[in-house]
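Okay, handing you the structure first.
So that you can tell them apart, the chains are marked A, B, C and D in the order they are listed, and the count of residues begins at 1 in each.
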Amino acid sequence: MSATPIPTPSSPPPDILRAASMELVVTDLAASRHFYVDVLGLVVTEEDEGAVYLRTHEEFIHHNLVLRQGPVAAAAALSYRVRAPEDLDKAVAFYRELGCRVERRVEGFVAGVGDSVRIEDPLGFPYEFFHDVEHVERLAWRYDLYTPGTLVRLDHFNQVTPDVPRAVRYMEDLGFRVTEDIQDEAGTTYAAWMRRKPTVHDTAMTGGDGPRMHHVAFATHEKHNVLAICDKLGALRMSDRIERGPGRHGVSNAFYLYL
Amino acid sequence: MSATPIPTPSSPPPDILRAASMELVVTDLAASRHFYVDVLGLVVTEEDEGAVYLRTHEEFIHHNLVLRQGPVAAAAALSYRVRAPEDLDKAVAFYRELGCRVERRVEGFVAGVGDSVRIEDPLGFPYEFFHDVEHVERLAWRYDLYTPGTLVRLDHFNQVTPDVPRAVRYMEDLGFRVTEDIQDEAGTTYAAWMRRKPTVHDTAMTGGDGPRMHHVAFATHEKHNVLAICDKLGALRMSDRIERGPGRHGVSNAFYLYL
Amino acid sequence: MSATPIPTPSSPPPDILRAASMELVVTDLAASRHFYVDVLGLVVTEEDEGAVYLRTHEEFIHHNLVLRQGPVAAAAALSYRVRAPEDLDKAVAFYRELGCRVERRVEGFVAGVGDSVRIEDPLGFPYEFFHDVEHVERLAWRYDLYTPGTLVRLDHFNQVTPDVPRAVRYMEDLGFRVTEDIQDEAGTTYAAWMRRKPTVHDTAMTGGDGPRMHHVAFATHEKHNVLAICDKLGALRMSDRIERGPGRHGVSNAFYLYL
Amino acid sequence: MSATPIPTPSSPPPDILRAASMELVVTDLAASRHFYVDVLGLVVTEEDEGAVYLRTHEEFIHHNLVLRQGPVAAAAALSYRVRAPEDLDKAVAFYRELGCRVERRVEGFVAGVGDSVRIEDPLGFPYEFFHDVEHVERLAWRYDLYTPGTLVRLDHFNQVTPDVPRAVRYMEDLGFRVTEDIQDEAGTTYAAWMRRKPTVHDTAMTGGDGPRMHHVAFATHEKHNVLAICDKLGALRMSDRIERGPGRHGVSNAFYLYL
């Protein structure tokens, strides 16, 4: 693939802590709320007519998922938390130097989050960066509220982009470190896993027609929790929602289920 | 121990299928209902002002536990299901020959159960025998209703009696088979596990001051379900209800928790 | 299907306790031994040049699986344990009345088993019945020997036969009770699960070109044990041995894996 | 407690990645090897007459535990990996400024590790810092080698020291962040958990007569793995090695077992 490489900015990147939240535009808010709350069991932190703010069971920030009513299904923001307020200035400078569309709102773009920056990155993905966020009750000790398939934290994003090596170089400039990748016979990387927090990854780049969001992944504590979700979907006659799995990934060793 | 052995009746014993239910007299019905339903998650089949009928998640008969309001906490009945209606006639003859108090009610003693026999056995325990019973929805396929600590079936009773060898001989006359026992250094059996259904046991006799009910045991599918009950009790500040465990029994290999 | 029904013998059937063992003729004994012992972890009770006798981890009888070197892969015997020595006489009378080939050997047909009857049943399956059997060390307490995917007991057989209703009627005469079945739109049963021991089944009849052995199933304690077998097969580059699964059966609720 | 606070050095601390290894002096090397290798299943990377180098199942560095024959049982080193070779210079300057005993060996103090610094810190603990280390095969994909109780990684240390607040201030100067602590009724902290890597902790300070090593903790994947270790110890008649547990910690939510 011959696309021009994305230049490395002279401005330092923001210090990203972790993948924190995704905002999804959905065409049927009630149906999406049913799926994520009643079936998958995410916790409602706050909601209004146009949006639902959800978090995983062991999260202490306001939300990990925003469902927003809209005309076309889309990923509106892949949101990362940064280490300090100053990192927002760095994000602005970093992306302005790349010539990207940059918008900063001191009051935040969504409920529960303060000063934030949203940009459209050189690959075409909508990224958000924030530090200030409303802390909420962490339910990790509320064993009376766990279900057999409780989703305990947001684990990672997965993004589809046509030129993975180009995407990886840009992400490394942004401070990500590649933990694993897969190359074809000619030695070209067609999938790469990258992280800031020390799990296997915060996001991954998968080769394909993009920019597109491939998935957002939530983690359970143990493998039987994944099976419990399968069983529940079966009991609710929703097993057609299972696209692949359960199974184990060769690369990350993760025990997975795609919905 | 010098107690007179219980004679073996010439009448054949009833053909017992399994330990099926226990009736408990409780002094605070609301508190007991809270514990067994809200905390442990047993399913309410039916209830009225004076009693609550509960079943485990995978049971298909009307109840495995009856809680009945009364002035003094007691085990009112240890109830066994028999193979056929004729086995009730056998139970009547068997216990009459032993000189026991025997009562038969065609309409049953409790809701959901038909023709039944209640006796006070030679050891002083209140046993019930029945065949006809109302079948209810078995929730084994309702994975949407499982909790992390779901109790799936009644496993066994445990009874305290002063002379275990005497009790064992009587129970063998009643058709039970000893699966395991523990003997002291003099070779005297001071605990014995006995069964009709092919699990480790339907009931056990433990040496001590009796006749007393030691416990009724409910089973979970996997060990993590037992731990989830511990965690839930901790979250509800009820861990003082745990008398012993979690642990593993040397005799039956069971992973246990005493409440 | 219009095949003549199998007549009900006037002789009573033997009192079958449970599915106990299968004898397989294999064309490469070393390769089969590697698969069942080194990969799946069955325990070798005894072996000689021509045969290997294997048992599950919690079994107390001599074997649950016999692998015997031979020219053509086949199921040589589906073996059931009966309650008492007299039941062998009943088996002989029952099958002689049906006109079946019947052979009895006081010294047994295989190592570890005494007086036995082998018959070819009206459906064409080779059944064995025995009571006397060598007891071996039950490894249930040897937690130092468990592996992540330990097979703890033989659970059931599954047989393929063209006329399932005909097969079911014969099996009911033999004392089996149908626990579940599946019928097509015309109401014809095309699969049925039947038991003697009180699990879901000891054997099942599945419609198809037969008589053929469909599978023999071994049980693990928990679901993660099944996943551990998948992971091990993957690590050994043998995951092409997985024919289907892991998954959960709609009928029996079993969490399964087909190899 | 009135001990003089430990001054904050003007030199920046080394950038510590994680708790990586502990070196234990043991009085019976064969007995210790038996316990950690044959019973707990740690992997032997290398050994000679005087020492055994062990690692957890998913570790990629040379060792997480060194057992060294010696006259008196003791913790010889609590070893941390640092981000870059330059961090060793920082460690030297940081501890020299504190007046501590400092020793640096380019060839390392133990097998498998290169340029290293060992110091005795102001609390009296022997700390080691290193960056260069021999990488070994990570067994995370070797599912054929897992056991029911596999220890997958070193999780944390726990140290006993008389003045916890004094220790915490020093550890914060070293770059650790307190994740949780427990205070008595007078508001004095008597236990604190601190981390560099983003788990609950890399080490903890517990109030008591010290400096002493309280424990080194290894992690399993799931709770049933902890129970499998209990069962194995029981089977080997070694359950007297269990000092406390299994149970769940209130502070870290960890499911634990003390040996």
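Just a few scattered comments:
The rule is short, and it goes like this: a contact is a pair of C-beta atoms (placed from the backbone, for glycine too) under 8 Å apart; a residue touches a chain by one contact, two chains touch by 3 or more.
Chain by chain, the UniProt names read as follows: A, B, C, D = 3,4-dihydroxyphenylacetate 2,3-dioxygenase.
Keep in mind that what you see is a predicted model, and the values were worked out from it rather than measured.
The interface with the greater count of contacting C-beta pairs, when C-D is set against A-D, is C-D.
Distance from the subunit B centre to the subunit D centre is 49 Å, each centre being the mean of its Cα atoms. In this assembly, the C-alpha centroid of subunit C lies 51 Å from the C-alpha centroid of subunit D.
Subunit A and subunit D, compared by their mean Cα positions, are separated by 33 Å. Residue positions of subunit C with contacts to 2 or more other chains are 141, 222-224, 231, 234. Arrangement of the chains shown, judged by which pairs touch: all-to-all, with no pair of chains left without contact. Contact residues on subunit D toward subunit C in their complex (touch as defined above): 141-148, 150, 222, 224, 228, 231-232, 234-236. Residue ranges on subunit D touching subunit A, taken from their complex, read 140-141, 197-198, 221-223, 253. Only residues 222-224, 227, 230-231, 234, 246, 248, 250, 255 of subunit C touch subunit A when the two sit together in their complex.
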